[in-house]
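Two complexes come next, and they have one chain in common, subunit A, joined by subunit B in the first and subunit C in the second.
Then we have the complex of A and B:
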């Protein structure tokens, strides 16, 4: 049973990585948000399995929290933003989709290279978990800097946050329940702020392209 | 002849019968799933067999401007696909003729089949044939390197590119065969399967709208028994791709000992795997619209990333092989 759970843990983490890569090739914002929801769900499964394997009961709560906030509420908010703003639904990129995908591969290699030496010291003894978590973090960061629209940048930030959560758990069983709770609350606030901010931006400039914010109006 | 010679031959014949029979069924199953999702009843499951029977009974007509190439291409293409059948373990491990070649040979045979059909479609000089050939070769050029990379991703941990060796490792390891690199390789393979067999986001197998046709455009010049061979070949190719996925991703259930009961069980399990796999692919198809042609590289790029990531996780992190 335990070996099966270890296996499932590895697979759930790997599927989080796969969804991170898929995020890089999406061209529609709604599809991007859906993929983010799937990634959060597999992150929640990973957390639940770690809670089971290492008998860390507070991680069950974290898994539940991740599932509710990251996989259900945040995607819901983002979908409403996209619908309400009536912006062009396509993802605009600075780097083309194919270049982004290849960069995603490069980021995995970078992650393996950089955190490889640390892997033996991680609390959760799974060879792939820490590199995968770091790769997800880097891919989220790449999404953040390579996409033009504010909505997609928010998704990039959220993917990055998923990577941080996973890395934190892999290293030390997470940052402690209260820190995680505060983090989740922060994310929610961020989503709401982003929603209001995007609405204002759309109202004032008639688009949500952050590049255009660099020049002064009037 | 001794049993050691006759046994594998009988088994091989059985496998051929199975693969040839299941191909058209897979095609009609896919059509049925799509019809149901659109609120139609769809044609009966046995319809492709009836079509094949009807077409095989008819003579062939050739364009006056075509050469010997048009006459030979369907047979060569079909033969190349037939030659690929023994390379995959369908029922028994090790596969009865598995030692004759590895999966790189399989990629080569699929390429030969694709190449000869593309050539023949150019032969008669019709516009659509040329367009279909051009697109098909372009997709082939994108898909084949990825196919090789995916094979290396599957074969890395086993240290072999032979399908039955990889599958034997999986059966021996049991559930321990599942790993992150395997998951990545399987996703990459499914993306590749969509491109190779011309499924929906890449090519619509049901379309007869000339501008979007790829594989259909290449068979326009054919009638009668030649068309039957080409359509049967499409079913065969689908069965090959799904059979390879079944053998590499979920190898459990292949018989490792000889015996009628083991064989029957393996037959049932393999049929279930193929049907299940195709139900999944057809389900995926009903959720997708056809992509613009120049987005196909997005799909293959993602497959490259997944396959290469799988290799990286195997060799750098997992310390495999």
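Then we have the complex of A and C:
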């Protein structure tokens, strides 16, 4: 049973990484949001398996929290935004899909180089969780800076947060329940604030491309 | 006298109580009174908090989650002063009927509610002992203040606030990653315990922390909190956000919020100072500090917008504070913390004065604001005094703290850093004086000026208080304040 769980943990962590990478190649916003939901679900499964393997019961609660907030509520909010504001369905990019895909691989290598020396320090060392988490963080950041649409930038931010959550688990079994709750609350407020902004942008410019935001320079 | 955590909790909760008052206020007068009363009450509680810190030393609350020492006290002082002045100014700027940006009652309720919530998150930053809570509070400041930057809902304001929200949140995500790595270092040194993320624990662990791990953590923490503190080259969002926000909010962003992020960096600096032979912090502070003062200097020279000019001055002064920390030792840290206070009051005052001038001239364009001295002498003289103070002319306080920082650089073996800082200061001064002369004396005063703020009792008290401090702190440092600064330096250097 344990060996099966270890294998499952590897698979779940790999799935979290691969789905982050897939976020970089999507051309449709709804597909991007769906992929983010799948990524969050993979993360929740990873947390649940670590809770089981390392007998850390607190993490079951965190896994549940991740599943509800990151995999269900946040994607739900984003889908409603896309529908309600009739956001143009295509993801516009500053970097082409091909370049983005390659950049994703480059960021994975970078993550391995940067945090590789620290891996032996991690409390949960299996499945190379720490490099994976760092790669997800960096891929999320790349998504954020290389996409034109406001909704896509929010997804980038959320992917970054998933990376941090995974790093937290891998390094220390999380930061303690209090801090985790605060983080979840922060994410929800972020979603609400983003929703308010997107509605205002729609009102003011009739679209939510950040590309139109070019008047402040120098 | 009341012992224990009563006063620090009272101060922390005052803006929330004030927010409750704002929530139930029905009329414009009630809203303004609630806001002003909250500002005044905060100031009262602050005095008790500071008194307690000076008399009995650091205090803990909520099971060690909250902690107030002299360094927190300094930040609480800055936030409260700037907060009080901004609230008073708000009444004349958009609160009263007939004020230039008069807001409808629902909008005014929302505005005050957000300002008070913003003050609460900043107080939480100052009083957080747990670094995870500190991070959460800083992210909270971003979320709340982004809504205030977008207050006018114009295209430019929305652009600025979105950029601010996304860039600072992304930056802070890196800071959270750094916090995690620091926590790992703490667990490895002390074993896993609930207090491993507490600043007080980390500072004591000092020498036992793994330097390699802390170095990696430090890079992420610097990128994160450096973004939020507006250090170049991570300052991209700052001029937009500070210039598009309503004037009292600009004063809060520049005078109070930047210092909250700087405070997080100072706390991290204090931890790494306890690790023997750890030099990465010094170099990061030096590089970020120098790049900030030089980038700011160049943009100040070519600036054509009044509020953006002031915003770039914020980048410059954050850089100066960072350099003071880099020079280190007693003088360097003392100068940095002294400068933090001086810059906060001076810059907040200038934003408020500049906001009035922009109202009178009906533009923020530096090319078009001319001959202000003849047309609107009171505002123009205030602007001149504030400008000279900001430029570091004696006897204003900014000069005093810059002098201390430069002395620290020359005496503690960072002469090159100090010389480069002097060069940058000279460029900034030339640029600033050029802009001031143009605004006050340039051209003919035929441009049509409006009256600006009228019957502005609140605004006058707020600006007067800040300007009195901007001058007074340079002439004479009262004993309690001097004690507070010494205590804060000790908290950093040990």
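Going forward, the second predicted complex is superposed on the first by the 214 of 218 C-alpha atoms of A that agree within 3 Å, B and C clash if a C-alpha of one lies under 4 Å from a C-alpha of the other, contacts with A are read in each partner's own complex, and residues count from 1 in each chain.
Here is the rule we go by: a contact is a pair of C-beta atoms (placed from the backbone, for glycine too) under 8 Å apart; a residue touches a chain by one contact, two chains touch by 3 or more.
Note that this is a predicted model, so its numbers are computed, not measured.
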Have a look at subunit B and subunit C on subunit A after the superposition and call it: clash or fit.
-> fit
Given the touch rule stated above, what does A:3 touch, subunit B (first), subunit C (second), both, or neither?
-> first
Would you check which partner chain A:167 touches, where first means subunit B only, second means subunit C only, and both and neither mean what they say?
-> second
Go through the superposed model and pick first if A:141 touches only subunit B, second if only subunit C, both, or neither.
-> second
Compare subunit B and subunit C by how many residues of subunit A each one touches, and report the one with more.
-> C
Kindly classify A:18 by the partners it touches after superposition: subunit B alone (first), subunit C alone (second), both, or neither?
-> first
In the overlay, answer first, second, both or neither for which of subunit B and subunit C A:183 touches.
-> second
Which value, in Å, gives the least CA distance between subunit B and subunit C in the superposed three-chain arrangement?
-> 19
Common ground on subunit A, meaning residues reached by subunit C in one complex and by subunit B in the other | none
For the subunit A and subunit C complex, residues of the former touching the latter = 114-115, 117-118, 121-123, 134, 137, 140-141, 144-145, 150, 153-154, 156-157, 160-161, 163-164, 167-168, 171-173, 175-176, 178-179, 182-183, 186, 189-190, 193-194, 196-197, 200-201, 203-205, 210, 213-216, 218
Subunit A partner, complex, touching residues on subunit C are 65, 130, 132-133, 136, 139-140, 143, 146-147, 150, 153-156, 158-163, 165-166, 169-170, 173-174, 176-177, 180-181, 183-184, 187-188, 192, 194, 197, 210, 212-213, 216, 239-240, 244, 299, 302-304, 308
Parts of subunit A lying in touch with subunit B, wherever the complex brings them together = 3-4, 7, 10-11, 13-15, 17-18, 21-22, 25, 27, 97-98, 101-102, 104-105, 108-109, 112, 116, 119, 127-128, 131-132
Interface with subunit A, subunit B side, in the complex: residues 175-176, 178-181, 183-184, 187, 295, 297-298, 301-302, 304-306, 308-309, 312-313, 316-319
